Structures are given as structure tokens and as C-alpha cells.
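Below you'll find the structures, each written out as C-alpha cells.
Note that chain A is present in both complexes that follow, paired respectively with chain B and with chain C.
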Partner chain A sequence: MAICTGCSLLCEDIELTVKDGDISHVRNLCRKGHGHYQALLTERARPMIDGKEVALDQAIAKAAEVLHSSKAPLLCGWSNATLEAQTAGMSIAKKLGASICDTSPPCLGALMERIISGRIPTCTLDDVRNFADVSVFWGSDPSNSHPRHLSRFSYYPRGEKRQKSYEEERTCIAVDVRKSATATLCSNYYFRMQPGGDGEFIESILATLDGRIPKFGDKKRMIELGTILRKAEYGVIFPGIGMLYSLQNRLELFETLLAKLNEIATFKVVPMVERFNSRGFYQLLHAPGNSLAAAAKGCDAALVVGSDPLAELPLATARALARVPLIVIDPHRSLTVDAASVVIPSAISGMEAGGTALRTDGVKISFEPIIESDLPSDEQILAKILEAI
Partner chain B sequence: METAVTIVTFRDIFQDEAAKKSKFTDEFRDLCARILLDKQDMASLGLKDGQKVRVQSEVGSVIVIAKTSDDDPHPGLAFMTFSPWSNQLAGEDACMSGARIAAKLSPSDESVTQISELLQRMRAQGIST
Partner chain C sequence: MVSAMEIYMLLPKTNCKKCGLPTCMAFAVALLGREKKIDECTPLIEEKKYEAKLKKLREVMAPLESASETGLIIHPEKCFGCGNCVVACPVNVAAEPTRCGVGLGPQGEKVILRVEDGVVVCNNVKECRRFGPNKVLCNACTATCPSKAIEFV
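Entry: the complex of A and B
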């Protein structure tokens, strides 16, 4: 059995056959995981300095030199790096006095801070499988972002207290601005809202829970939703970025909803982080409010690990990063690799390198390398840089 | 001919799979450089499925393929996958998928924006060591 590091579900049941140092057969991968495993053979990065291929050690030495001479270094990325690599990154940040942050949106950080500090009640995905009878996908679409979420945890599986599962015991609700694949699966329980309407939607639920007529939305349907939530034994909300972006500074409204729901039943929140160890970085750094947009503008060199910020960030932040010398540690070619001054290829975590990571619900998952590689892991590269600076 | 829309970005498993393999393929571009529009907006722009449209926001612009959405009616609302193309349009506060972007659409005869061009724009103010 192997672990798939294709997303933050870290599926642990990947069956594979390794023949002559290569993977010949794989089972249980989702489409996204399939792409992740295929990437073993595609577009691997090569060690480069200013566009010229060099020896790996030369690239590492150059990276240390650039970072050492920088007055305001930034260390960013980290979502696709193991806990060990993230810890090594934090040691480098401390030694250099560098800024360190991930590429996740600030609105997700605000939720994670509340979950980690216990202000918002949470549970594990195993609890979801065993106990949950109502799953609410709010601004999230796991069928596309976390493809095996519904089959492993939140809808289809039989659990300790949910032997009749989706056929009789589980209700799946989708709240979204578009009829996503998950909303289609939820069919009768898809609630459509206008973009930015999450606050009003919460107020309407609160009204129905208090026995008042909701001001917003289809009143009959909102009362129907309120009844399902009220009757839940163990409900779980999976908020997506869509919902968090919409609520922005009004996250306390979501907290109010949870407090109200927990007066009636048990309700938990499980975040939907995307990259395989985003949760780990939140938990290790525990520094809400770190803004990559501001850090990118203020830096004079940046080390990017386990991320492709030029592909993932809005134009202004991507431009701010592209103006400084970039050092990229990555197994694959990416937009950031193409713009980098120094490229250090690394082994793929979960396939060519082992380590540990936190699943999206905070459960620690360990993995061993499944095939041999000549490339060092992110952690080993970072250890060499730390030694050299 | 111009129509104002709000674009909401979303995640697509096919695009994610393509991205994991390589972001420099036609497959990845085709899954990113597209916008899903309501039937009514397609008609008001005089567009047929597969025709090109310029998407202009306050921040930037891209040429992408227009497609009719199979969702319930949503005039004035458009959907794009979260990608380097949508990021060219997004304001600094945008939040990956789920971001809302105000944009204007107009039919275009220009070529679909290539990933190399997107990278060039990011590096336009850049420097190297």
C-alpha cells in the first residue's frame, strides 16, 4: 500500500506494483491521483542557474549564496512539502531572519486559525465516516477538488454508526453559486445562492432555527434546510474557499451559526485545504495574517518550495515575485521554475521520498518512498542550504 | 458588442489532472482558457460555442474560448476554472477558486492567450540575477 500525495486526503490505500524500479500497475487512484502518479515521468525539473544546466550541488550552493546575500529574503510555498521539509524551512527562516509564508489564500488562514485554536469545533474524517448523518458542502466541490472525499468519508461509506450509509442514513447538502458535480450528486438538497450571498444565507438559516421566517432566499426551501439541520444527529460542514472568500471579515457569523447548531445537535467543521500538507504548515507556523502579497512586494529574493506561485497567485503578486531572483525547489517544471534564477530538482514526496504530513483534518500520515530516486528530498536540500548559509 | 459579467472561479478535476502532468500542454491550456456563459449572454454577444472572447478585468485581459454553461440560467454570471488564465484577471485579494472577478466580454478574432504569454506578462517588470 502506498500513500497518494495528490491532494490533502492523503489516501492510504493505493495498491501498486513496482517492476524494475518503475510503477507498472496502480489501483484505487482517483483521476487527480492518476495525474499525480503519471507526473513521475513528465516534465521533471533539471538543476539550473540562470537558464544553464549545472550539477545539483552547484545549484544548491548558488541558492545558499543568493539567500545569504539577500537583505529581505522570503521563503514561500510549503503546501506540497512534508512536515520535515517545513520544519527545515522554518530553521532557515530563523537563521536568515526571513519571512516565511505559504501560498494559500488569507481567508483560508482565518478559518484554520479558528479551527486550530478550538474556536470552531472540528473532528476527523474518520469521525465523519463513522458518525456523520448530515454533510454540508458549502462553497466546496469535493468531487472535483478532493475526488475520494465522498466515497471514503462523507457520503457513500458504511461507518460504525452509519451502516445504512447514503441509502438511508446520510444526507448530503450542497450550497453553491453553481451546480457543481457535488451539487448534482446532492440533487434535491442543492441550494443555489448568488455570489457573495453567504452571509445572508447564514442569517436565513439562523432565522429558521429560531422559528422565524427567513428574509433571504426561497422561504420554503430555507425552512426545509433548517429542518434537516435541526434533525441531524452529527452534522459536518465542509466550507470551501468560495464560502470563506464571500464571508471575508464576517467569519464570526459562521461561528454564530455553529454555536446555534451545537445547541440543537452535534455539528463540526472540517476544512477543505487543497495541497497535501497545507494543514501541516498552518499547524507548524500558526501565524495567521501572514500576507504573501505584502511579503512578495517587500522581498529582494525568494525561495519557493513545493508550490507554483506564478501559476496560482493573482497577477500583481506573481509580478512582485517575478521581479526578484527566485530559487525554486520542485520535482517538476512549472511557471515559477521557468522564471527562476536557480532551479533545484527534488524527489517527489510520497513516491521517491518519505516523510510525514497532516491530512486536511489534522491527522498525521507517514509515508515511505515507493521507488528509488537519485534526487534528494526537499528536506535534504533544505538541510544543505541551512548548513551553507 | 460588450457584456459585463461577474466571473466566479472553480476547480475542475480534468484540469487538475492535466496540471499535475504538465502545465505546458495544449490539453491544460484548453481546459483553462475557457469561460462558461449563460445562454442569454452568449446570444447577446453573438457567440456560438467554441468562439473566442476577450475577457477584460481591471487587472488584465485574456482571450479564451466561450462555451454555453449547462447549469440553470445565470445571466450576468460566468464561470472559469481557477488557473493562470483566471489569475491574470484576479485582483490581489482573490482567493483561489471561488474568487469573484468583475469583467467585460467582447467577441475576439485574436488567438487564445498562450501560457508563454502569461509568463511573459508576469516577468515584464522582472529582473534576473
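Entry: the complex of A and C
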């Protein structure tokens, strides 16, 4: 049994057949997880300083030197690193006085802060499987982003109180700007909105729950949605990036909706985090992360752990980050690795290195290495850097 | 997926009964159900004026040849490997209630559908509700597929 680190669901039922240090056959792994491992096993990174291949220890020593001599270092990435590596990273940040932030979308931080502090009620995904009868996918498309979300937790499995599951007892609602793959599964319960219309949509739901006629959207459909929510026993909302980007600073509206819904029935929120340990980073930090855009402009050296910010971030931020010397700890080649001045290859978390991580709902899951590797894990590399600075 | 009507449009539509069935429409339905073969329509094969129709018919019938005995066709290129069908299939749930029933991947060999190397594969077709003459038209696996990667003939 292995754990998949392809997305934040951390599926625990993967059966692998390993032959000659390579995965030859795998069961129960979704296409995304399969692609994740296939991609990681090709084009492994090599220890390099300024484009020249060196010994691993030399690269680590150089990394420590660059960080030590820098005045305003930035430590970013972290969402693809284990809790142990993140803790080591925070120790480095403390010692250097560096700013530390992850590369998740900026809006996610505000939601995570509200969830961790308890202002928005949350539950585990196991509770969703056992008790939930209404799942609302708002601005998220788990069929693509977390392929096994519906089959493991939110719609198809039979749970303690939901033995008849999707056939009779569960309702799946999709609220989105387009008919996504998940929305096709929800068939009649797909509610379409205009891009950026999430605020108005929430106001309409609030109106229907109060028994008023909604001002925005298709009135009949909104009343229909209000009726489903009103009849729910245990509802769960899965807000995705689509909703968070649209609401931006108006998350209070979402809080109001949750408060209103909880007057009628139990309603919980489980965030849809993309990377396998983004949740862990927020939980360790106990605060909304620094703004990466501002931090990237102010830094003079950056340590990137297990992510590819140059390829993923908006152009202005990526450009700001690319002008400073980059130290990258990554198992395989990426755009950031190619642009970095120091490259330190690491073992793949979940496959070659063990550790613990937090699932998207905050449940701690630990994993063991499956394949033996000579490369050190992120945690070991960071510990060495911490010693050297 | 091709329909019986589309197949009928490509047949001679003469109701000659040479295939043993009363009408061409009945033959089209039998073709779709894989009870008859294209070659059994002798006028279509022998008469030259139907040449273009025969070619088109063979084209539209080609994807059906990869179907299993229950008529299940899997398009691996479309599959997400989400496992919705694995968890929804009643035979899978009956075979492994503590795993498929609660959303986990199956461990044993009794299940029909399972996800291997990131895509769904079909085994033990004989256990399927659609197998044999007393079949039930169950569509739990196709109805739960988000990408239409599996379908029945």
C-alpha cells in the first residue's frame, strides 16, 4: 500500500508493483496520480551550480552560502513538501529572518485562515462520506482537480448514515460558470452563473432562504436550490478557486451564507486545496501567508522547495523572482530548475522519502518510502542548510 | 455511439427477408445487438449499387468490435481514472463491500471494473448484470462517468 502525493486527497489504497527501482504496474491510482509519478520519474534533476554539474554536498554548501550572504531572502514553494520539511523551512526562516510563503493562489489563504480559526465550520472528508447528504461544488471541478474526490468521499461511496448513497440519499450540486465534468454528473442540479457573479449568487440564495424573491439569476432555479439546501440534513460546500477569485475580499458574504445555512441545518466547508500539503503549511504558519507578489519584488535571493513558481505564477511575479539568484530543491527538472543558480535534487516525497502531510481537510497522513533512493529527502537537505547557515 | 436508425439508413431497406428477419429495421437492431453479422445481408454484399453503403456501414460498425461480451466499450484515452464506476458498480460493491462500498479501490480479483495504470479496465465480464440472456439493463458505470469514457453498445 502506498500513498499518492499527486493531489491533496492523499489516497491511501494504492497498490504498486516495483521492478528494478521503477513502477511497473499500479492499481487504484487515478490518471492524475499516475501522470504525477510518471512525470517525476523522468528527467530527474542533478546537483548544479550556475549550470555546471557538481557534487551534492557542494551544491548544499553553496546554497547555504547564498542564503547566508543575502539580506532579504525569500523561502517559497512548500506546498509539495512534507510537514517535517516545512518545519525545517520555518526554522531556517526564523534563523535568517527571511520571509516565507507558498505558491498557492493568494485568495486561498483568506479562506484557510477562516477555516483554521474556526470562523467557518469545517469537517473531515470521512464525515462527508458518513453523514453528508448534500455536496455543493462551488467554482470547483473535482473530476479534473481531485479525480477520486467524488468516488472516495463526496458522492458515490456508502457511508455510515448514507447506505443508499448516490442512488437515493445524496444530492450533488455544481455551481459553476461552465458545464464542467463534475457538473455533467450533477445533471439537473447544475446551476450556472455569470463569471464574477458569485456575490450576487450568494445574495440570491440568502433571499430565497429568507422567503423573499431573489433579485438575480433565474428565480425558479434559485428557489429550487434554496429548497434543496433547506431540506438538507448535513450539507457540505466545497469552494474552489473559481469562487475564491470571484469573491476576492468579500468572503464575509460566504461567512454570512454559512451562518444562515447553519440556522437551518448542519453545513460545513471543506476547502479544495490543490497541492498535497498546502493545508499543512497554513496550519503550521497559523496566519495567512505573506503576499508572494510583494515578497518576490523585495527579495535578493530565493529558496524554492518543490514547486515551479516561474512556470505557475503570474508573469510580473515570476519575472521579479527570476532576477534574483534562485536555489531550487526539486526531484525533477522544471522551468525554475533550468533558471536556478543552485539546484539540489531531492527524493520524491511519498515515493522515495517518507514523512507526514495534511490532507485537504486537515487529517494527518503519514507515508513510508516505497522505492529506495540515494538522494536525501527535502527535510534532510534543509537540515543540512540549517546547520551551515 | 451509432444508433439502430443510423444502421438502418445504410441497409438496402427492401425488407427482402434473406437474412431470416422480417424487416431491415429488425436486422439493424440485431446488428447493433451483435446477434447478426453484416455478411448475413446478402444483397448488401453482392449488389454493386450498395457498395458505398457497405463501406460506410463497416466504418460505423468498426468501434463496436472492441466491445466486450456485455457490449461495454472503454475509451482509455478519455478516462480520468476517477473510480466513480468502480464504486458505483453493484457487482463490485457486492464483491468487496468494505472497500468498493466505502470508496476505496478493490483488492481482490472478483470485481468487474478496476483502475489500473491510471485508467479503468474490465475483468470478469460474466459477473456483469448485462451478461447472458437474462440481462438487466444496468447502467451504473456509464451514468457515473464524467468523461463518457465508458459506454454500452
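Just so we're on the same page, the second predicted complex is superposed on the first by the 386 of 389 C-alpha atoms of A that agree within 3 Å, B and C clash if a C-alpha of one lies under 4 Å from a C-alpha of the other, contacts with A are read in each partner's own complex, and residues count from 1 in each chain.
The rule is simple: a contact is a pair of C-beta atoms (placed from the backbone, for glycine too) under 8 Å apart; a residue touches a chain by one contact, two chains touch by 3 or more.
Here the structure is a predicted model, which means the values were calculated and not measured.
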Query: Between chain B (first) and chain C (second), which does A:179 come into contact with in this model arrangement: first, second, both, or neither?
result: first
- request: Determine, under the contact definition given at the top, whether A:144 touches first (chain B), second (chain C), both, or neither.
  value: both
Task: For A:77, decide between first (touching chain B), second (touching chain C), both and neither.
output: neither
Message: I want to verify the contact counts: of chain B and chain C, which reaches more residues of chain A?
response: B
Task: Please work out whether A:26 is in contact with chain B alone, chain C alone, both, or neither, and reply first, second, both or neither.
output: second
Query: For chain A, which residues lie in the overlap of the chain B contacts and the chain C contacts?
result: 30-32, 34-35, 143-144, 147, 181
- prompt: chain C touches which residues of chain A in the complex?
  reply: 11, 13-15, 25-35, 129, 143-144, 147-148, 150-153, 155-159, 166, 181-182, 184-185
Message: Quick check on the complex: what are the chain B residues that touch chain A?
response: 6, 8, 10-14, 16-24, 59-60, 69, 71-72, 74, 77, 79, 83-84, 87-100, 115, 118-119, 121-129
- prompt: Where on chain C is chain A touching in the complex?
  reply: 79-84, 86-88, 93, 99, 101-107, 114-119, 144, 146-147
Statement: Within their complex, chain A touches chain B through residues 6, 30-32, 34-36, 38-39, 42-43, 50, 66, 104-108, 139, 141, 143-145, 147, 177-181, 192, 195-196, 240-246, 274, 293, 308, 310-319, 322-325, 332-335, 338-339, 341-342
